[in-house]
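These are the structures in question, set out in turn.
Two complexes are shown next, each including subunit A; its partner changes from subunit B in the first to subunit C in the second.
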Partner chain A sequence: MSSRMRLRGLVRKEFLQIVRDPSSIAIAFLMPLFLLLLFGYGVSLDSKHLPLGIVVEQPSADTADFTAAFRHSTYFIPHDYATTRAAEQAMMAGRINAILVLRQDFAQRLRDNDGAPIQLIVNGVDANTARIVSGYVQGSWGIWLQHYAQQRGQEFQVPVDMQQRVWFNSELRSRNYLVPGLVAVIMTLIGALLTALVMAREWERGTMEALLVTPLSMREVIVGKLLPYFILGMGGLALSVAMALYLFEVPLRGSLWVLFAASALFLVAALGMGLLISTVARSQFVAGQLAIIATFLPAFILSGFIFDIGSMPPVVQFVTHLIAARYYVAILQTVFLAGNDWSVIVPNALALVAMAVVFLGLTWKKSRKRLE
Partner chain B sequence: MLARIFALVLKEFRALLKDKRSRMVLIGPPLIQLMVFGYAATFDLKNVPFAVYNEDRGHTARELFAAFDGSPAFTKVAQITREGEIAPLIDSKQVLMVVHAGPNFSADLLAGRSAALQVIVDGRNSNTAMIVVNDVREIVSRYNIQWTHDHGGSPPPAHVETRAWFNPNLESRWFFLPGIVGILTLLVTMLVTALSVAREREQGTFDQLLVTPLRPVEILIGKTLPGFIIGMGEATVIVLAAVFWFKVPLVGGLITLYTGIFLFLLSGVGVGLMISSFAATQQQGLLGAFMFMVPGIILSGFATPIRNMPQLVQDITLLDPLRYFLVVLRGVFLEGTPFHLLLNQFWPMAAIGVVSLGIAGWLFRNRMY
Partner chain C sequence: MAESVVGAVADGSALEVNRISKTFLVGKREVPALQDVSFRMRRGVVTGLVGPDAAGKTTLMRLAAGLLVADSGSIGVLGLDAATQSLQVQGTIGYMPQRFGLYEDLSVQENLDLYADLQGVSEAVRPARYAELMQMAGLAPFTRRLAGRLSGGMKQKLGLACALVRQPSLLLLDEPTVGVDPLSRRELWDIVYRLVREQGTSVLLSTAYLDEAERCDDVVLLHEGRLLAQGTPAELRETMHGRSYEISAADIDKRALQLRVAHTPGVLDALILGNSVRAVMQDETPPAVEGVRCAAVPPRFEDYFITLLRQKTGGMPDVTAMAAGSRQPDSDKAVIEVQELKRRFGDFYAVNGISFSVQQGEVFGLLGANGAGKSTTFRMLCGLLPPSSGTLRVAGADLRHAAAAARERIGYMSQKFSLYGNLSVAENLNFFGSIYGLSGRRGAQRIEWALNEFELRDIADFTSGDLSLGYKQRLALACSLMHEPEILFLDEPTSGVDPLARREFWARINALAAQGVTVMVTTHFMEEAEYCDRIAIMAAGEILTLGTPSSIKQQARSPQLPQPTMEDAFVELIRAHEQRAAA
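Let's turn to the complex of A and B:
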């Protein structure tokens, strides 16, 4: 019997197993569908409608003029409070994120030399939202300054005027970067989930030994295990990419071929990690536990998907190099938003190749050792 | 009855801890992840590489660029002289930002006109880009105030004085660490419970358990307690590490904190056992664990605010126990929120726990293969 025929037989057997326990098909197709729908619509960093408490101690034309900017902004939902104390209580109870206070002497001190202080109290627990609130308030204040000067026939000019241009995602639509990142997280899950229990199950049931007394070599067994799940995984990927492009309207500025080639590399690495987990763990139970630990959270937190890798301490940056999703996120964000930039794609693709080789090599080595 | 339950709990512990690998998996990785994630999860930028493109001959622009380089958020890695150099630097990710002052920068500034400072940011990660833009705006506005002051300009008629409660330096690590406490506690409960019934079903030992005199309630207690005890122990270690290693202030009461941990473990263990007893194989159990854990974490408000989600998804998060636990953790750690203000977080966790445990107990007998 030729090697190709043996392999075909094994692949066929794996496919039959997949069809019998539909959870593999659910992993490949239902999971990306469900998770992308939920996250693509659900996750957003575009902060709008922030609840802002406004306290005006002595209402006047000046205060009304100042607060108008906040009342008509889409960034804030204004809540009025009579006293600072009432507003503070509302912030303690979590009903508002920040308080803007205009003191009694606001109108009067507006004409003083030092200018009137506007007090902004932010809830600093969510430091990021606090910064965003403070940035929006500064922005509204700047607009008001110009407006105020114009009303008095003066010209107001800031010394240095900052003009920002954000490349690749000019309107800072967070979905454009979250969806490619989510695809990477979901592909990590698919890859590892499909294979994490596969080898462990065979060892646990003793069928691996049965498989190995056949003329099949270990290499053929690994390829035979990999191939069906690879095909399933690529199907899941095609579904995810289609959703990203047509449902979430993320632009694809690079080519589809590069995207699929990089994804194929990543999928081999992710499946390889699953096989390695399966081989190291020896039992399905431990393999499942390892899969829970090693896949989702590292891909979510250490891949650069949410948190900037460059801002992490050097030791942690080093650890991120062990996470395959890191390279895939970099490729996906570039291919989707920037284009076929080879200076980003090539090094990251090579890293994925290296990871796939290491995972599969270790799987092969560990499996052979177990027989001795 | 107590003796029977005790024997079962003992057996469950043995099943979890007898294997050296399983023991290591339960204790080592969550603590390692605490260390790694504790440092990784921050939105405070550090050493963001940027390039300066300065066409101005005067020294005012140079002063401003020095302020950029002096900020811990930014590190200058290149100085360019042509516009054509911008794209390759950003495309290849060598720099995240280019700041550009045109030839008239100093002249405009000295003549009392607005001088334009162009900031070009890589938007591939739009969250980082947004933070970069915010940081730059702060530097520029500080520079503007100083410049106006130094050049005898009149100060603006009003100015904003910002004060941050609970986290005066707006350190985002203080926000994320309590979140990590929640995530890792969830992880541990999933590790202990999600596959436990599924394994016994697959191996056939669960049927044996069902024909013993043990009642489903007793089996339920036997399966719940290990997750509870291990979860409680690890949560305590993680809280201690957050306080003493990462120096996140813990200003609230321990009773409030532990009420939260207790109820969260109840709901986490409940959902884990429910998934596990629904699954016929460990593969299905694992799939179920991920289908709960992944949305449970991403939609919990850990990294992206629930407020930003569409209403439908916000309603779905009401089923997520982690959502409530994060409010408790952040409240107790940073704000010192008193017990009674957290009741609205406590009861949904208790309800999720009781309902899911009930379903798990029911499934023990009524789901047969």
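Let's turn to the complex of A and C:
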């Protein structure tokens, strides 16, 4: 009875503070808005509009025909250079990403069926872009040669005919997997950063001392912090999901309920991390640093949200198993893009349950009703 | 259940401290906070836990509240063990931590509601209890105001109301009177005494103000983690009977007189009080000073404390030899001139149109509670904060245009001492010398000077963060004097240090003033105002009055109060100011 009264008092206090303090609202609602807009509109992993240098040493009908393929592509912005030397300088200066060189004897050798060579120089600093460019140029070259042969009634032998089909994200929009992954980052922020900060704030302002000296038990303190920020976090989730579905038009192929249930699990784990941090960090500065290093950055880098876990070194891959966001990202990307695939959802959800239990258990063990 | 526990020990003591020791780990060092302290606290009285900073007051309070566990020894609170039965203890006591424990973004009413919920006060009794508490605290008209927007005195009373929301049997107040104005202090004491009288509450109140010790029924005197004495203030004071004298002389300057008295054999303490000097003797022989009037006066609690400390540490410090390139005092030259100075933050005036001037070699004091505008005024005078309007000349330079030029001629020492805690004493001196462009032979000379004058040579290689508060204060003063400033700004320089260190500090300041250094000081120790040549009392960004300590005390003289103290005068001024503001 009096326990319920104490809990009610704590939760009401927390909500009043959330409403009055713009920083909590900012982390729970403005930060998701900002991150989603940034990643939804600003960051794209698709290679489009790549600046491509084209050097045609001796223009002819054939060269014009071949380069036209690039001039009308949405993937490239062609820049013409008179000499290879000039193009190389442009690449050094970072104005173009690749150089396509058609030699003087291009038309001649083509007609002699001597396997007219084209030269492609790619800036390999960004390996991903480099691969895309070279793949695209190779593809275009093959197609063009085929056309060229057909026009002349020649038989052009293609050894294997590859028919490509892209599953789950058929338009190959990076937004479709970035936005669901981002939800995991946002939930980490709300769960861990916000809780760690508000607990540290109580220590900093001396109010924790006043709380601890009341007949409040530590269990009530923990629940009193979990409950309000759980609700706030689910609010942040609802905002993020709504933006994903309606603003960025990410498809939701699984069910909304599975999405929210998995998110609730993850949020409890994240809140547990925040509370665990707050048992050691008594100033907002330290709490913020710890939360960013221990939860936010791993969620960003090691969760598979941007960087594929499968291509990480084995040691790092092993470390990712300790990151709660990893399991959540897997569930999110599945539920959004593939559907309710239980073989993915169930094991990952179980992992989340385990992490939540570990974090809250540690917090429980570590927090005593003392000032030391 | 709580009732029966309280009832069972109705005859016992409120607090039983049994050979308590507590050590904290600071970095890799063990710092003892309390060493083998034992005492019993009577029920139904106000017990003062008195001592300077680092005496162990807060640690003891927290141990009693079950927030800390002692290394050895035990504390019984109303018959419960504070360490093993802390939840029950917390269900019976009221506790106000140093910063009042208020949620500043919650309103007065919401703070009360929260603590009522946490303390399990039933809904039925709340309206009556709230009304009673708000009336007592004088906060009834402000229940909807955010706690953060209350004045220091109002916060203190709200903190008290929150601690009292479920009528506790034992009330622990940790330095409740720090930083609030004297009027609010008096009001707090009135409330505390009403609680004791009407409800039989036992109160343990910690304070660093020795004059407050006299208001307690019982005093527990702590110093550096050890118990020095326990008893009623009268008992302790009476051991000093016949050993206090007031000495005055018409033709001798008060500082010269103080020096002369201090060097008379048998004198333990010599303190400036208005135009006269108050001396405490080793025994009942009056001081043998030629050509002065000498009258026996009743002892004060502070006399007792000082005598105890002197017995521990030895005689008076000798700081008369502070001569170093002295300037001739020129009392007609104003070195600080302030006219209609204002500073606005948003729509709030922290300083609202103040004017004064300070002569060379003068010790000028700014008195006021937290939030009165002292620190803002100081920051403007040091060129750290531009004024919103008004003129400001320091050492002949207009601070609006030539702040850097003026800054070379001023020294500044803040409450926090601004030392580099992980540098040694010598390294701190070296650093502060170098930022004022002292290098080579000149720099070495000044460091030598500082090590000698401030008796820092023996500790030159110590890490300054490890020093005691008194030494830190001494080092901070030395650092601010490295470049031989003409004007010295001291922002609450003595807050928290023990009375001996405070006296030593003022002896140095007096010596500096005698050499023509102008000293401007803020303080909330009323007694310290007596050392100043002139003081200005500030409240709500305005100067309420300005004059010599004696003339300000005169203003408050009335038939009921023939011998007003500085605090009486201050309280009168604030009362009058609040009435004007209300009208």
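Following the convention adopted for this analysis, the second predicted complex is superposed on the first by the 352 of 372 C-alpha atoms of A that agree within 3 Å, B and C clash if a C-alpha of one lies under 4 Å from a C-alpha of the other, contacts with A are read in each partner's own complex, and residues count from 1 in each chain.
In the analysis below, a contact is a pair of C-beta atoms (placed from the backbone, for glycine too) under 8 Å apart; a residue touches a chain by one contact, two chains touch by 3 or more.
All of these numbers come straight from a predicted model, not from anything done at the bench.
By the document's definition of touching, neither partner reaches A:Ser278: not subunit B, not subunit C. Legend: residue contacts after superposition of the two complexes on their common chain; A:Glu209 is shown touching subunit C, with no touch to subunit B. After overlaying the two complexes on the shared chain, residue contacts for A:Gly9 are found with subunit C alone; subunit B is out of touch. In the superposed pair of complexes, A:Ala338 makes contact with subunit B only, with no contact to subunit C.
Once chain A of one complex is fitted onto chain A of the other, the partner contacts of A:Ser217 are limited to subunit C, with no touch recorded for subunit B. After superposition on the shared chain, subunit A has more residues touched by B, the comparison being subunit B against subunit C. Looking at the shared chain after the overlay, A:Gln17 reaches subunit C, while subunit B stays out of its contact range.
In the superposed pair of complexes, A:Thr363 makes contact with neither subunit B nor subunit C. Of the two partner chains placed around the shared chain by superposition, subunit B is the only one that A:Phe66 touches, whereas subunit C remains out of contact. Looking at subunit A, you'll find residues 21 touch subunit B in one structure and subunit C in the other. The touching residues of subunit A, counted against subunit C in their complex, run 2, 5-6, 8-10, 12-13, 16-17, 20-21, 205-207, 209-217, 369-372.
The touching residues of subunit C, when paired with subunit A in their complex, are 62, 65-69, 86-87, 90-91, 93, 95-106, 110, 113-120, 146, 162. Residues of subunit A that touch subunit B in their complex: 21, 23-24, 26-27, 31, 34-35, 38-39, 41-50, 66, 91-94, 106, 110-111, 113-132, 134-135, 137-138, 141, 144-145, 148, 157-170, 172-174, 176-177, 185, 189, 193, 196-197, 201, 280-286, 288-294, 296-298, 300-302, 304, 306-308, 310-313, 315-316, 319-320, 330, 333-334, 337-338, 341, 343-344.
Within the complex formed with subunit A, the residues of subunit B that make contact are 19, 21-22, 25-26, 29-30, 33, 36-37, 39-49, 64, 88, 90-93, 96, 109, 112-131, 133-134, 136-137, 140-141, 143-144, 147-148, 153-168, 170-172, 174-175, 183, 187, 190-191, 194-195, 199, 202, 281-287, 289-291, 293-295, 297-299, 303-305, 307-310, 312-313, 316, 327, 330, 334-335, 337, 341.
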